[in-house]
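Shared between the two complexes below is chain A, which pairs with chain B and chain C, respectively.
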Partner chain A sequence: MSIFSLYIVNKSGGLIFQKDFADIARLNTNDALMQASIWHSLHAISSQISPLNGCTGIEMLETSTFSLHCFQALTGTKFFVTCAPRTTGVESLLRTIYEMYSDYVLKNPFYEMEMPIRCAAFDLQLVVAIKGMA
Partner chain B sequence: MPPARIPTGPVTFSPVEKINAELFTLTYGSIVRQLLIDYEDNVESVNVQLEKMGYNIGVRLIDEFLAKSSCSRCNDFRETADVIAKVGLKMFLGVSASVTNWNAEGTECSLVMEDNPMVDFVELPEQYKNLSYCNMLCGVFRGALEMVNMKVESTCVRDMLRGHDAYEFRLRLLEVLQDEYPFKDDE
Partner chain C sequence: MNTRKGALPIVDRPLSKGRNEVSLSAFAFLFSELVQYSQTQVSTVTELEHRLEEIGRRVGEKVLELLCFREKASRREIRLLGMLSFIHTTVWKCLFGKAAESLERGTDNEDEYMISDRELLVNRFISVPRDMGQLNCGAYVSGVVKGILNSAGFPAQVSAHYVAVEGQSRPRTTILMKFTDEVMEREHRLGS
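For the complex of A and B:
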């Protein structure tokens, strides 16, 4: 599978969901939280330092070993995935994940907004969506 | 740069899963009825409670709306009101509204609906004539817009259940909230 992991960050920069899909070195919880906050800040800074108006933040980060694609909803929630370089279809995957979030997470009345996501249905649908990409 | 596409109402309405309209009307009616029983017919408290419930719905509904309609960022309040009336209401209630009565600064407008599935078959008895039956919808507007950084106030001004000729909701933009970035700890 070319998708390595998914992170969902709430509008205040806290990590609310993290899942690894490939056999890669796993970050421990603290490191994952830190990584999410760092990304949140970088994303915010990028729209501030942009030389052009109307910048909505970093959408893709490319390195030699992985790529990071990020999607920020208009409500401030960020969805970002790390994947193998030159993976295609990641943008539409992020949109699909956003739709699944709006269905399986937000419509769960016991899910508290901005809190960590613990919804089994969301996990299941995610695995289906990611497998569909490979 | 390609122009921003505002999707049309019917385009977003067709693929969305539908439910039986009567189930919706009955469910909403039983919520209102139960609230009246719980608050012992105190109409003002019920109005407040309906608005709060609507607020909680709105904060969650906005993400679904944005995900399914792939709407781009609105440039001003006028566009926002248009999107709510033509796309949002159509997507979730199956009816669209018209936007009228703008004030001079462009911060207040009215959403007018001729038809409202929430109130099918409903008749308000005399003792509840001050009940804002559709107040939940006012709360939904407030909750949804707050999540996209717009603080609004929404009230029901015309209500066919009270004898008027249409359903009119007044939307007032109080302020546009800026994103807060916790960069400076020494402030």
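For the complex of A and C:
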């Protein structure tokens, strides 16, 4: 499977959802939390130091071993996936995940905003979407 | 009286058919707020279900009047099976856009009937956390059905249950209706 993992970061930089889809990407909880905060800060700094106006942050990071694609919603919630280099269709996958978030998480009466996501329906839909990618 | 020139006064105008389509997202958010608001007023899961049922009951009473007028030209259903198929098709189509999946008679008791749906529209986006136990927000829909049955003269106990189905990750929802003795007696008397 070419998608390694998905992270969702709330607008204050805290990790609210994390799921690994490949064994090589498994991080323990602490490392995952650190990775999320590091990315949140990088994203914020990048929009400040950009030489062009109107920069909204890093959308893609490509390295020799993996790529990282990030999508920031208008509310400041960030969705980023790590995947194998040169994977296609990740942008649309991120949009789909955002749509599922707005459906199965935000319309759930038992979900509190900015808290960790624990919605069974969201997990199910996510698995279907990721399988569809591979 | 505020009327446009040439328009009939409002009580003489024909009743409109109404809009058939409402935004699903709008309804989902509204229902989510309904559940959250009810949660602030109660302290147990059963009370929450009762509250949702109560809200649904009021909706049911009004839906019955509306649909009898619109769909059936004010004919009353007096037989039990007629009433059940009215709920199963017409009411479900009006509320959720399609007929319910199945209507069954209870195997153990004569006075129990069940309407099943693969997934109730109101429950589609809801994931109940484990500490809420057996809560089913379909209690709202069972309240609607209860309101309809009670107003139509078929008093019953109505409840919503999850039934696990193999091969499906989400359980089916069943609305269980248990009719009172007077209804069953009347049915026998009217002949079947």
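The rule we apply is simple: the second predicted complex is superposed on the first by the 133 of 134 C-alpha atoms of A that agree within 3 Å, B and C clash if a C-alpha of one lies under 4 Å from a C-alpha of the other, contacts with A are read in each partner's own complex, and residues count from 1 in each chain.
Methods note: a residue touches a chain if its C-beta (ideal position, glycine included) is under 8 Å from a C-beta of that chain, and two chains touch if they have at least 3 such contacts.
Because the structure is predicted, anything quoted here is derived from the model rather than measured.
When the shared chain is aligned, chain C comes close enough to touch A:C119, but chain B does not. Once the two complexes are overlaid on the shared chain, A:R95 sits against chain B while remaining clear of chain C. Touch criterion met: A:D103 reaches chain B and chain C at once. Legend: residue contacts after superposition of the two complexes on their common chain; A:A44 is shown touching chain B, with no touch to chain C.
Once the two complexes are overlaid on the shared chain, A:F71 sits clear of chain B and of chain C alike.
Set side by side, chain B and chain C differ in how many residues of chain A they touch, and the one touching more is B.
Shared contact residues of chain A with chain B and chain C: 103, 106-107. Only residues 13, 41, 44, 48, 56, 73-77, 95, 98-99, 101-103, 106-107, 113 of chain A touch chain B when the two sit together in their complex. Here chain C touches chain A in the complex through residues 25, 28-29, 31-36, 39, 124-129, 132, 137, 169-170, going by the rule given at the top.
Residue ranges on chain A touching chain C, taken from their complex, read 103-104, 106-110, 118-122, 124. Taken together, the chain B residues at the contact with chain A in this complex read 59-64, 66-68, 70-71, 73, 147-148, 179, 181-183.
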